[in-house]
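One chain, chain A, links the two complexes that follow: it is found with chain B in the first and with chain C in the second.
Right, the complex of A and B next:
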């Protein structure tokens, strides 16, 4: 019983992070039809900016996350504007492939600057665990989950209630019509990349916070590991991806407990293949895949 | 897919001009006049010259040549999928892993007589490609990319588990002997690999000329048009994926022979991306481009290692900086190159050469036309 309850606790904490990771992919995909692998690079840059702010500037972790998010959002917008904007509007698939290259560039820069071994974060959050209904709940889990949920809620609110967000929704719903009615597709896409960059930075930061180390390999893999969650929800569903993340983290924990750690990767991606076969647009996405 | 441009130009032959010439001469003239022939000739001459040079060079040049050939075969496999059928997948490393592990497993049960591991690797690559029946093949673009990524993670994890259980530290690959000949090191291995490359190349070229290649080309140009023409698009994309997997598996098997052992850690996403980079840098639309790309990407790290320190000290940076960060800098440069090629120069080096050739031809022909006009005006 307590093993299962503990797994539920872990699934919620991990799932919230997956959800935040996935929401960044979804925001970009909705606005530009590009699946940006560069998100993994932005998570890495975000995590190490977070690390730098904490160790060099000695600021609190909340402030560090905010600054890191702002910095990466600016970087992401610039990258889109100067590198991808011209090609992305005409060739979304080629751009998706090219983003793999940019992720590699960021990985290399981080590896040169910080090395490839994980760096230990200073103790910014209490390592105390609360006992709740027989389950140990570490303080970091509470903090990271709350931050993830706040970030997620903010993202949804920006999309729903601000003019920029409404324009993004308009482009996602019907791009030619939105452009025809005077929405600038280029500006909207840049805003989408900025938002996605911010979510990536927050996701990278809280992932590091939760594991107490800044791990280059783990952080850049986070995006890949979260893919099944994104497919589960549907690539263009910002709201659904949180639920997708929670379900997927639950499945992973189940596999971990029942079969052991080495089966987690296999089970995750077999699930993803099965989903792509049965329902490629996910459970919340719009089914617009061209079927032959 | 828009990044795969059509490069075959029709030749601008004037029938009146050649009507009175003899047949072989005419054929030669037609060949010379055809746009793109200069580029093809140049690339093949470059590859053959490089192959001879590497074969005659010392042991380290030889070794680089061996890797060039292995990656060249892998790039041919990727080119079959990307260039002929117009599909992009990230499963290259998975199939190389399959080839390497098949070779290692056959060796551990004692069935390692030379051509067997390569043939079995090809067969298993083909079967995995067919059985995986990637769901993404039913759709265009992104879904295949994602499902091939999933296949990569699954295959490598299974290989890792096998390795951890039965051969911790990696699978041993026996030395290469064929009919009593020692082909395990140096020039002998190089020549053996070259022969295999030639065979693979011939098979792929032949396949591409038959109806199979035609079907793939039709799918690349337009899936809907292919479907209208009666092609079962999903099935033929699956065949292309499996054939590409078989060839890449052969490369994986040979890779294991050159390295001497197989370790699942070597077959990661980075390797898949490197293979894609080779194909895109050389030029996706032709096999010669794939070979050129493989050679360029394989040789580049060595070239950088010898020139980078001097270059850096000229700029004013510490020359030791490159030596300490070599693998990271190389990885970053390759990624950057990949990004630039895919975004801004999708037809790669071959495309650059072709446009150069076209410019020269235009220059020559416009001069000639002007001369003709002047002559015509005088008469």
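Right, the complex of A and C next:
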């Protein structure tokens, strides 16, 4: 088995999860210009809801992911409606800072309810691996990648083909004009938060599925680990973050193989900073053009 | 301003100062007698290793509550002050300063990560206050090992590797997290393996926040080892064991951090039979033990709401309980509010055994690792542990 070929398999599975994590950030950023760090809290809530449904309700993992996504979407919409809609008039920067605080609140609530000990998931997916061109492809990697891609496709379809999605696109393209034409910014933002909440819950759930563990620290940390992927794609490019996630996961594994683990974090953030230097809006983001 | 106004002002100011002096004395008096000792907890109570930090907090609380209940009205009670170092070296140093200078702690416990322990070492040495760390990489006269010292596992690792693989010179894959202690352990293990005629076919590090284990797992699969020596988070053990198994690798895994990761160890699927948890401090503590010291330990934990189980009794909780016992023995000889070189000297003479809980726990001026043995168990059927061997711990 070639280590490099196996790394490609792992990069696809990890990159798809990074992409899904990033899509939630991008959806909210497009609709509200706010970088919402609450996504890490929603991933945590989603992962633990997923765990509870599997272990307490004894439902299958697919149903557990769907219920978790629906529950966190509702929670996310409520959070926007009752908290952030009230502070939306303030600077986006201040709101972003407030989202960090809210993520901390969710972490604290999860710690009170479930403790700080990582919980092991029961084996809900076969541990069998398929061998393809000398590469082991675990069943769980296939399932998590397919779920991530389906989630991603559904998100893009909602944005492209539904009225609420088109309203979100309108606000993202030109918010004052969209509002002038009768689009409710509050409703659009609430819908964006709900969609982002759902993606976070799915990402948290499949990350747990893939690692066999629901880890409070690891799950909320995933949002930060995936952040360079979002910068790589561009903050407002929902479609681009999937590619950003795949590239970023590939770079991480490449660096590990060539230079070792100690260079992975350094290389990731150097890549992010270098890109910001030459292309601040990322590969697929919309550059802010100013007419002089 | 007239004299009368000035005198009235002075009286009001004096009353305010007296009030200010009186209020804290009342509030501190309500929780702490005048001559109470203060112990500090400077640990990772949040972040990726918070599980271990909170275990330290629980074990120390249990010991202190039980001890305070036994000292009577005239004895010196102990207060605990806990600060979260957030898995950050700079915060660990700040906390250590605050605990010693502000809270007047005469001993501190915690620091799961060796890097955090190292960051606080300079402070504790400057103020001459003993500090117990879960992970110690660089020995210091003021720093005491609180838990399993992976650096002493090398000979046990090699002996156990030969035993569980059934080979006299097995091919070993080493996988450790990138902490100072573990990096040193991996390096020492490579040297010792070469000297013993064993071969280390893969030597890799993991980040604490790693999200993808594909490459380390692929490297191990490609190296075709006879046995894997692993020191990592419990969550990483679960993920990597599963990924290795699905790649067809089911060679024995010696898990050096067995005792401190019991929640994940005992939650491995019951079909897993290739994991060998290692215990570098106490042997496995059973909830149904009839040993009087174990029973006293369980009673103390129950006092702070812990339900006895394999998970709750083993690991950092037990390690810090023993550390606190050692500190309290030295403290009792040293006297009220004693710290500094006298306390250090007494700690360095500490030696005790507590039945089935621990044997030959001892500090000396040149060795602050109190544990002398490594216990290697074979995990089967979920929670069944069979002792494979007991090995001498060596620096």
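Simple rule for what comes next: the second predicted complex is superposed on the first by the 285 of 292 C-alpha atoms of A that agree within 3 Å, B and C clash if a C-alpha of one lies under 4 Å from a C-alpha of the other, contacts with A are read in each partner's own complex, and residues count from 1 in each chain.
Assume a contact is a pair of C-beta atoms (placed from the backbone, for glycine too) under 8 Å apart; a residue touches a chain by one contact, two chains touch by 3 or more.
Everything numeric in this text was worked out from a predicted model, so none of it was measured.
J.: Should the pairing of chain B and chain C on chain A count as a clash or a fit in the superposition?
T.: clash
J.: Is A:120 touching anything from chain B or chain C once the two structures are fitted on A? First, second, both or neither.
T.: So A:120 only meets chain C here.
J.: Please work out whether A:175 is in contact with chain B alone, chain C alone, both, or neither, and reply first, second, both or neither.
T.: A:175 contacts neither chain B nor chain C.
J.: In the overlaid three-chain picture, which partner chain does A:217 touch, first (chain B) or second (chain C), both, or neither?
T.: Only chain C; A:217 stays clear of chain B.
J.: Look at A:67 in the shared chain and tell me whether it touches chain B only, chain C only, both, or neither; answer first, second, both or neither.
T.: A:67 contacts neither chain B nor chain C.
J.: After lining up the shared chain so the two structures overlap, which partner does A:142 touch, if you call chain B first and chain C second: first, second, both or neither?
T.: Touch partners of A:142: none, neither chain B nor chain C.
J.: Is A:35 in contact with chain B, with chain C, with both, or with neither (first, second, both, neither)?
T.: first
J.: Touching A:261 in the superposition: chain B (first), chain C (second), both, neither?
T.: A:261 sits against chain C, while chain B stays out of touch.
J.: Where on chain A do chain B and chain C both make contact?
T.: Touching chain B and chain C on chain A: residues 116, 262, 265.
J.: For the complex, which residues does chain C have touching chain A?
T.: Checking each residue of chain C against chain A gives 47-51, 54, 178, 204-207, 209-219, 221-222, 233-235, 238-239, 242-243, 245-248, 263-264, 267-269.
J.: Report the residues of chain A in contact with chain B in the complex, numbered from low to high.
T.: Going through chain A, the ones touching chain B are 35, 83-84, 87, 90-91, 93-98, 100-105, 107-109, 111-112, 116, 224, 227-228, 231, 235, 262, 265-266, 268-270, 272-274, 276-277, 280, 289-292.
J.: Hey, which residues of chain B end up touching chain A in the complex?
T.: Within the complex, chain B touches chain A at residues 1-3, 88, 132, 134-136, 138-143, 145-147, 149-151, 153-154, 157-158, 160-161, 164, 223-224, 227, 233-234, 269-270, 273, 276-277, 325, 328-329, 331-340, 342-344, 346.
J.: List the residues on chain A that touch chain C in their complex, please.
T.: Counting only chain A, the residues touching chain C are 1-3, 6-7, 9-11, 13-14, 17, 116-120, 122-123, 127-129, 136, 138-140, 207, 210-213, 215-218, 221-222, 225, 249, 252-253, 256-257, 260-262, 264-265.
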